[in-house]
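Worksheet: one structure, shown below.
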């Protein structure tokens, strides 16, 4: 159940919201909010205007609270929830000026992160159509400064997280093989970073053999078509029939159209940079009641 | 000439890159770069893999330099330049480990910001097809924490900037009219913030009359079709035939398909949230020479 | 009513207070407060020792709370309130150590910002004596790091805010005319930054003509005497008799003595750097009851 | 010689300038600088427009460099130097856009800090007129966030620094005597913070006796007239004729007019909050050569 | 009573904890805590596993609260309390995931700071065995970034604080005597920093004479044995028999074994770098009740 | 070769040094350095006073440079080098004031981090004495705020890094088994975090069987003696004779005395919290030439 997934670290939420508010308020604050009476109160709701998946709830809550502790948000849904056009995410109540001032920052987080969750869900569904065991992974191609929040949005969408940072796992690519072989690189990785996940990017079948022989834990098949993937998977499953010791990740060229085929070809994981670098925002708005 | 446009503030670049590197390096740094010899040198190039418009050069430069001052980047192009698949943006030279470590952060900025510049250019061209005097505007729907960089990317793409923050101009929307009229709101805006741009969102023609009477400097036509826009423009131009005192901005529902029609209908400005909230990344990569 | 004016952004208050406390507490904290018993309680009041205008309330509240959440401050007045010698601003209650530790930081904000509000009120009154329609503006000559708080203090004093940052409006001065005319500069400003306020600094009458012809929204008369100002105003009002399209700002040499004359000469705005760079602190203290 | 005095810590300069630039550049950067050609170069000079004492050089240098590393500033004078109207502080050379963008931030530091140094010099001279051994002290009544820079400006002006933070020395005031005597408080201070300077605020002569008996290192005479001060000094000098063990500080009511009398009355130190909370800015400007 | 001692500044606690959590949570947060059900609750206790002295309570409280405001910690003891193996410091209650996520950060502060307090207590007891008037001092040899917290831990352990920063007092060492004598250096110190504690490091008896003649407030005896110390003390006490004007600090080579002898030799203060640079952590753990 | 090991991220070094300098310089800077002539130059060397292993070079370099860019440090050794009493690490040259001001901060990093590297080397040697294939691991028991630097110091000492943060790997302990079995927890870990290292803490042999059956990648044996470890190793090696798929980590009670026995018992890894929480500082000093 998605509600059981861990959200973003509280500290990351606070820092990102503080930064976002600082850049949106500028030196004078909200010129326009000053036009409404200081004592006016607002009641309204955060409402989805299109179908998708919710993410960014903690950021939106924090945005309203950071502008004004007296603004109250009551949420009926949590990250990971399916939204339709018109779904109410939360009720918002508090001083009208404060609500107007926080609105855009709260929505920017919600729309951006829900956009990621929504695209992730679509990819997850596409992969599952090929094979329900296939998982969708994000990448390190995230928006600078929002890594923790975007990775949490991927989880909300039903995806899994690839490396969150360069210190989480070893991933050997072509450029890391300067003057050495896959075997040499993996051996060095095990010596330097014992017990770590070691993944090897393979462009062709013979590299898969090398990577398996070297004892890699994930074989990443880079820019292959489904048939090549199937051939590589056959090799891997020959060694590890129960998907316990080695996982196969497909990377490059995974689209909503090709994902089912890659999954059906036996990929355990398909990684999709677009989840975080090209997801369009989900349209979510704030509807205020007539004064 | 795009080279003449102001880039992002240097401080904003430094801060964003420092944050991005911190989140990507984690507690241990780059596990995988440690596999290559400490003394190995890299030579390579940042290369566009698809057509588009460059933005984010300063961020990419800073990313390499912040990881290792001895990495050198030589740029032949600047923000705003047209790229084709295969265009070389810059040569990169330095310690291989450092180049590998900085690569993703540099590319994340380049791809994200060039994606924005590229989409902006397409919208600018579309609007110009309708009327070359029509300008494309961004909005405050930016990715949290990247406002200054994204607004600079819009400029690189040939767009113009709407408010960079809530303190830059007054923009009166429905929710600001609690208990008052457009005339009342504009009068209050002029009293509170003398000399500021005052823009009024209008949903229907009669509000345009009100806004003009109140002396607004920009009339924002919200969610109208091209015909309605034309009717409103006629009213505005009746008062200000030379486009000197009042500008007409069209907002809501502006797509690459509809932009020409809105421009042809006489809009001075079309604002497009998608420029910053939904632009897909432009594919740019780092090609390293064989060791 | 001043109470209706927007105060400083909450985030700006928190950041400024955290910085101020860090610099005042040093590495060991308050050596002297440690002399009083840990359990002693304080009751007292923040009291004005001279006549003036209150500003900085939010900072003072935050200073006490940031040192110790259990210190309570109860305010009877808000920013913008008139103070006389002896006026009680707020009651303060909490652990004596904490109150003593926060005292200086709270007062530094209050005295500095109220000093600005007080001087602003005097200038506002002086200008109003010449013409009640004339407004007093601050400048960007603020104390580094305190821009948002000082601009809010100017509002509390009855002044209006000029640009809060370089990104809020265009202000063309001599040095911006390198190789171009006023007409050229304004045209370029409108092309680069459509819809923005464009202000032009004029040293002599003919420049006023040029600026008006170029379509500037504010004419800034720099270092002129009241008679020259009156002559320039006559030109401007000839074009815009109702003060709708073009405002006249007087800058340079505006003192409490000359402000009435400039206002009487027809200036819409007089800008005064001294409001923020040379306002003496208002004397406010903390009176504690005998233990 | 003032050149021998320590300036502000480099880190404090960097942080303050980064903050000041961030608040001045806003989200879009300098709209107006974009009007001048990208390639235009500027040559100019920072020039005093009134007599005073220089402070803030390091901040001004950093402001230009932080905006653009290619801007060069060449200084002929250092903090503490006497300035007359027309004195050239430094030559500035670099891209015109960058010079214009950094100008206000650099000047805000220079004018504010030189204002403090200038007022300090006047107080130092006034005190010296009474007795050349008398030194002028600042207080903790500094502008929030600028403590380190303002204290350095006081040194540049020839003043000495009182506590830089609450952790630097013990200063016992009335409110610290809750339930104890001066003797008790000093004893506790020596027990808690051995070897620290302990200063005691005295409102009347008998407290001076108590403070001396308790072994205080500085006696602060609060709000006394010169005659009372002379009487207290006589008591202190009776115990410590060579000004070695106990210093007498006069605090409260010290003005340029009264400072000589307090010095003549034998005060070792006169502390003046106005040095940092009420010094008017010194007028310094940037003169650019005609393009 | 240790409860009366001032703890670390609240701001220092918040900043250190935020930093520590950011580095421990990384980009994804706590992978393992996600394995337990989102709704599971934890009850447990922070328990000492060895004898020692408590310090760091405020940091531990803040660590749990910063991860999740709904985690409650109930403390029966405060900094400075004696702990035995098995002593319960606090009860902890809240969502199991949050408790597990915060556990290590809370314990890292507690174990490190309590380790310092514990070693300080041992040194304080050792010194007291030689002479109960002798106090143990820390140094500036603290762990970078934790100065304020470690100095508070020393106070909790019964030690006193030497300089918290370079701006708190003058300490003249060999390297500061370039081209001058002790007398010259002290005179210059008194001129530059009137009223400040001036301490002089002495390697041999004649320097003690010089330092006394110069009017130093603390004589630091560097790397002497107890007999040499006794000889120096005799000289100092000859001038200041009541320990009022000059303190003797012994520095270098002070161990738990030698501390009593140094105290017995008449040292007022013994300073021990090891308190902060080499104190082993005190073993404290979190015991959770069976689910 | 240790020189080939990755040092700490540059950003982490800059941030830690900036923080350390800020806390050491305080509001006034270095009072004592001001006693030496502004123009005096220093030449000296960083010298080890005891045998050990170097770590922290980058921090020391940065500390001198951050205080004054004109201070030059020339290093003959890099992190990981063996030091004897008297070994020169680096020559230092620059303005005497700056060198004195930076000295303590540079040394605090060097002494603390070299202390960690030194203790790590001793543990690594001890483990190697039992079996050269056995590696020493650090833990997350690091000093708050210094995780990245301390983990790099462990690498310099020849140790390997366990998790750098909670997001790097899954480590299932007792408290994570609330309501589930080892098999359940590992299955959930693989589902939530595919491809990640999953480690399971085992208190007794039967849990080792469970963990192996569940497919864990590291078995952590907690608080067992060497014989129990040997028994568990036998089970693991029965399944994975070539040490490829499962590693055995011994945790708890590993001392310099017991490490050889644990290694000899077949442990692949021994983890030692003391490396980072209890390593005494290595004595390193700065020797300056006579002026």
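Lettered A, B, C, D, E and F in written order, each chain numbered from 1.
Heads up, the rule we're going with is that contacts are C-beta pairs under 8 Å (C-beta built on N, C-alpha and C of every residue); 3 or more make two chains touch, one makes a residue touch a chain.
The structure displayed is predicted, hence computed values, not measured ones.
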Winner on C-beta contact pairs when B-D is weighed against A-F: A-F
Chain separated most widely from chain F, comparing mean CA positions: C
Centroid spacing, where centroids are CA-atom means, of chain A and chain D in whole angstrom: 51
Whole-Å gap between the CA centroids of chain B and chain C: 32
Centroid distance [mean C-alpha coordinates] between chain F and chain D, Å: 44
Contacts with two or more other chains, residues of chain F listed in rising order: 5, 23, 25-30, 33-34, 37, 147-148, 161, 164-165, 167-169, 192-193, 196
Chain contact graph, described as a line, ring, star, complete graph or other shape: complete
In the complex with chain A, residue positions of chain B that touch it: 16-17, 19-20, 23-37, 40, 42, 59, 96, 100-101, 104-105, 107-109, 111-112, 115, 140-148, 164-173, 175-176, 178-180, 185, 188-189, 192-193, 196, 273-274, 277-278, 280-281, 288, 291
For the chain A and chain D complex, residues of the former touching the latter: 23, 26-27
Interface residues, chain C side, partner chain E - complex: 18, 21-22, 25-30, 33-34, 37-38, 66-68, 97
Chain D-touching residues of chain B, taken from the complex the two chains share: 3-12, 15, 147-148, 151-152, 161, 164-165, 167-168
Touch list for chain C against partner chain B, complex: 5, 135, 137, 160-162, 164-165, 167-169, 192-197, 199, 215, 217-218, 244-245, 247, 249, 268-269
